[in-house]
Amino acid sequence: MPRLQRVLIANRGEIAVRILRTLRETGRTSIAIFSEPDRTALHVLMADEAYPVGPGPSHESYLNMERVLETAKRVRADAIHPGYGFFAENEAFARACAQAGIVFIGPSPETIAALGDKLAARKAALAAGVPVVPGSPGPVDSREDVKRFAKEMGYPLMLKAAAGGGGKGMRVVRSDAELATAWDLTRGEARAAFGDERVFVERFIERPRHVEAQILGDATGRVAFLGERECSVQRRHQKLLEETPCPAFDDATRRAFGEAAGRVAKQVGYRSAGTVEFILDEQRRFYFLEVNTRLQVEHPVTEMVTGLDLVAEQLRVAEGDELSFGDAPPEPRGWSMEARIIAEDPARNFLPSVGVIERVRFPQGPGVRNDSGIYRGYEVPVFYDSLLSKLVVWGGDREQARRRLARALDEFVLEGPHHNLAFQAWLALHPEFAAGNLSTQFLEEHWRPDALKPGPEATNAALLAAALHERSERQRVQIGRREDARGASAWKWMNRQRGGR
Amino acid sequence: MPRLQRVLIANRGEIAVRILRTLRETGRTSIAIFSEPDRTALHVLMADEAYPVGPGPSHESYLNMERVLETAKRVRADAIHPGYGFFAENEAFARACAQAGIVFIGPSPETIAALGDKLAARKAALAAGVPVVPGSPGPVDSREDVKRFAKEMGYPLMLKAAAGGGGKGMRVVRSDAELATAWDLTRGEARAAFGDERVFVERFIERPRHVEAQILGDATGRVAFLGERECSVQRRHQKLLEETPCPAFDDATRRAFGEAAGRVAKQVGYRSAGTVEFILDEQRRFYFLEVNTRLQVEHPVTEMVTGLDLVAEQLRVAEGDELSFGDAPPEPRGWSMEARIIAEDPARNFLPSVGVIERVRFPQGPGVRNDSGIYRGYEVPVFYDSLLSKLVVWGGDREQARRRLARALDEFVLEGPHHNLAFQAWLALHPEFAAGNLSTQFLEEHWRPDALKPGPEATNAALLAAALHERSERQRVQIGRREDARGASAWKWMNRQRGGR
Amino acid sequence: MKLWVTLEGREAEVTFRTEGDRLILEADGRHIEADFVRLPDGEVYSLLIDGRSHVVRVSPSAEGLEVGLRGSVIPVEVKHPLEKMLQAASGARAAACGETVSAPMPGVVVALRVAVGNHVQAGQAVVVVEAMKMQNELSVAHDGVVTEVLVAERAAVSAGQALIRLAPVTGGSA
Amino acid sequence: MKLWVTLEGREAEVTFRTEGDRLILEADGRHIEADFVRLPDGEVYSLLIDGRSHVVRVSPSAEGLEVGLRGSVIPVEVKHPLEKMLQAASGARAAACGETVSAPMPGVVVALRVAVGNHVQAGQAVVVVEAMKMQNELSVAHDGVVTEVLVAERAAVSAGQALIRLAPVTGGSA
């Protein structure tokens, strides 16, 4: 296979910037695409070349398959990197690339299709001898069937709408008595929300951890396991902070976990970078969930401890090369954490925020990496997701990584939209987080918005700042109308206040 | 020894920021000091506490020993970290700290004194069985003595003023004939420049490399060798780009080099972080030069490959603790390079530059670390040195590190003072640099200012930018005086031009 | 100079003056002094309070000022004494004027849950706005009756745009 | 719109116009088109020239404009046609007016190497200024005679401050 010299990035924001950095470092031409409001986005400014693909809404630009492929052909792209989201797990797009003679950087369309169907993926895992959450092999037909299941597995159970997703259509059942009403409610909701009343049963895992395996496969059929990532701290099923290694793992768990992930990947002939997701119960037993057939948002923590460039490995594999490390993946060194810096307001139930980045100063220094799509003066558009930047740190051990994260968050200056820096700092300093006691219930159990209340020192500083501001405002007023008497000046103040400054 | 909770940093700029990061990560209070023009410097803004120590000139503030120590005592500092420069290698300051009951973070005053005298340091190296550049054991008295030397060692030789320094009072002699005039010239210069006509003879090492060993000693007498740094690319004896490992080293050389550095350090009972400097000839033989008894500007490259925090190790040693890694320093991984970003104009013979940082965007992403003392809007003061920032990169091998450096330099936005970003990019891409063919003669042999001439693509972009600028200027003029006829408008242009815009 | 400051729910009279680079402030019987300098970077101040270093940014907001400080944002309401007097007088009137639900950010109206004439209860969600791939329910703060619906479903709205107006219920909690 | 542009030592007449976000320029028989947008960040433009992405910053300098581009700074002189005409007329006069040596940066005068009345040759160092711990020799561009020495040794000087003035040597190369 010839070298992929011209690579189009079918994405935007921080991940487009991330990918173009590797393209530049490996001597390839980086080709950006952009929607109209993204004309001034960082990935456009930093790319070697950039071409427009349509208006703001994703389906008219970044998800406009025809336009993106036409652009790729016109500018003679050798390959397309899809990043994550958009076309990253789209079988049809991968197929269309192949038909257009353009290399899709990712697994084969067949792999994407096979793993995109959650039931098929679960079957592949079972076939590979990898544990899945115990449950009914298919939809259950009656309350009595659920009761029989409960006798076998014990309560609590989870009723899950077969067509569900995004955290909807799920209900925990803790006894036969609860089941009486839960059965009808769940089926009713499933019918209402998805037009499909089929319901599955699964064992309910209490306080689960979300742990995932980074895998990398090449064309020779070799699959490498590059360590796990713990992604338990979530809100509304969105990951907020990820780390590697998993604080709950010992060497034996890790070995078994890596072997399980590798077996799933080999079962489907996996090629390129992918992630096998598991949940971990409180007894450290892991259960297969699904495979993400793409580069993951949180891939940098794996890069920090292995020293690998996963995008560079994807490019090698796409060119038909072997993995850079052959059969010997580098031993992970130290600990890494990633905090997602998101435009949202923790004090108002994490309401998304937009606006102009008025001031930004990224944290720097030892062990700090920023993967970001913003710059000072940039206006965060309303059309795309609210991830502004990823703050990634490395430490010799978990404690150094965690303290470094807290240091870096403290150093991070970001003004304009609301953001979750203070929330992430709260998290990094929380004693349960420090102890590694994580689960997907972490926020429900520990987070209260008044945790961000400023202390007396901050309150004093705020008081002084407000006084300084009023002083300079007042000077401005007085300089402007030096002839005014006191009363008139006060009226001016009133007007300003009423004007909703 | 009790924990050092409150640490005063007797320094400024990037190294003060570097040190306070470790203090924060280890839960200590960082105390900055500042001169009047440094009231808005980054180390003051970032520190937990900050106190004034006098006017701009160093000797009235950062080098005002009485004022600095009085401040340290008044604010109840447990320890002082001197950084590099200023008091870092000042025996009297280290002694005064001890007398004031404040821990000086560095070697003992006796070690500083012993290694500060270059002749004594050379003797210590010889006593430790470490090679020094072959030469006369003391001053030579006559031309005839030099000739006898030449018979023994062969030409070329170097005549060196005993009291010389900073590259002055040195002359290469390649034959008996040259010696005839060189002898009187060198003695005359030495007398004129230093008031001391004593002259030494040393073998002249052609195209030498400058390679140094990072060492770390603790109170138990243990001395660790943490790898070498190649610092050959220099201008006027100022290092510009450093890397580790040294591209000229093989394992045997490294082992012998590390052992030699360790012997010198043990000979003087070295404690804390230090650097043993050597020169390397074209046959890869190394010769001791001197010991720097402090943290080095280029220490981050060692941190990148070892994963250690050298400032944290210094703090441990100062508290009487052992080194964090005991007797097993971490195996270095990969390659690291550091480019010094300096306020100077490569096109005008590297003339230093000052001014306001109008815009700065640091390079980010995988394998990039910035240690910096600047921010947007900051005015670089005239009183201190012109190092603005250190760009440090890591790669799996030298080639990845070098390409990453080039990528990061390309991504670095810095406007305001003149700077050497384009020069560093030229260096990173130079074929001889890429091949690792380095010596302290690198710039003399390869650098020509017209290397920075822009290519046709850049020239076109500049042409367009100039046109756009004139268009917006013109619009401004026309909007301002809409009633004006064409002639009057042109006159306005003239005035603007004459005003020296 | 005197000000009325509301901070963290507490209101206090604040007296302050500057002497060169020093700011001297009295509030609630406390005396605070700081060395201050305005940074070349917008409405940003560096404060040294007894040596402790703080960088604070002040920006105007709908309710008064916001002070940004190490990743946190602290709302501060500052009133001039005369302003306070006048506002107290008009306070009673304002409370009875009903409520407006506005878009907190630019986005698209996904669902309208009420129509003109509907009675709603405090906390009830009345409209859903989608922005950045997230749906956000907007609710009312007080019981009331819907008097105006100012947008249609699928309409794009800008930050602060009024969406729904309500009148207070007679005898209800205002 | 027409301009005379001096760039990389070559002078050319440039004709350009804009159509919406496109800039169309002709110079030296070449035709260049670009998509442009001004970034919210000072006098900075993003240009897409046949898809190639460039971020350029324009700032005024003593000699005209400086265009910053990927770490490099490219000086550009831009003249309006009328301006050029007038300047050509006064050019001859200006050349005979002698030379001034100015401080290129703030610093301290460390050494004066000439006195009033001295003859100096092009390239000769006449004064040494120290800034940022570095000593910098300043030399003259043309042969001349020192007419004024405007500073003393150890004096602090600001950027652009005139230090020494020279008159041209009669018959010398101006």
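We just call them A, B, C and D in the order they show up, numbering each chain from 1.
By our rule, a residue touches a chain if its C-beta (ideal position, glycine included) is under 8 Å from a C-beta of that chain, and two chains touch if they have at least 3 such contacts.
Just so it is clear, the structure is predicted and the values come from calculations on it, not from any experiment.
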*More C-beta contacts across B-C or across B-D?*
B-D
*Using mean Cα positions as chain centres, tell me which chain lies farthest from subunit B.*
C
*Express in whole angstrom the distance between the two chain centres, defined as the mean CA positions of subunit A and subunit D.*
50
*Length of the line joining the C-alpha centres of subunit B and subunit D, rounded to whole Å*: 31
*asked:* Need the CA-centroid distance for the pair subunit C / subunit D, whole Å please.
replied: 51
*Would you please write down the residue numbers of subunit B that are in contact with two or more other chains?*
46, 375-376, 410
*asked:* If I count partner chains per residue in subunit D, which residues reach a count of at least 2?
replied: 41, 52, 55
*What does subunit B use to touch subunit C in their complex?*
31-32, 39-40, 44-51, 75, 356, 375-379
*Would you pull the subunit C residues touching subunit A in the complex into a rising list?*
1, 3, 5, 7-8, 14, 16, 18, 23, 25, 27, 32, 34, 36, 38, 41-45, 47, 49, 52, 54-60, 62, 65, 67-74, 76, 78-80, 82-83, 86, 104-107, 131-134, 136, 159
*Mind pulling up the subunit A residues that touch subunit B in the complex?*
17-18, 21-22, 24-27, 46, 300, 303, 307-309, 324, 330, 333-334, 361-362, 364-372, 375-376, 394, 396, 400, 403-404, 406-407, 410-411
*Over in the complex, which subunit C residues touch subunit B? Could you list them?*
37, 39-41, 46, 48, 51-53, 55
*Could you pull out which subunit B residues touch subunit D in their complex?*
343, 348, 351-354, 358-359, 382-386, 409-410, 412-415, 418, 421-422, 425, 452-454, 457-472, 474, 490, 493-494, 497, 500-501
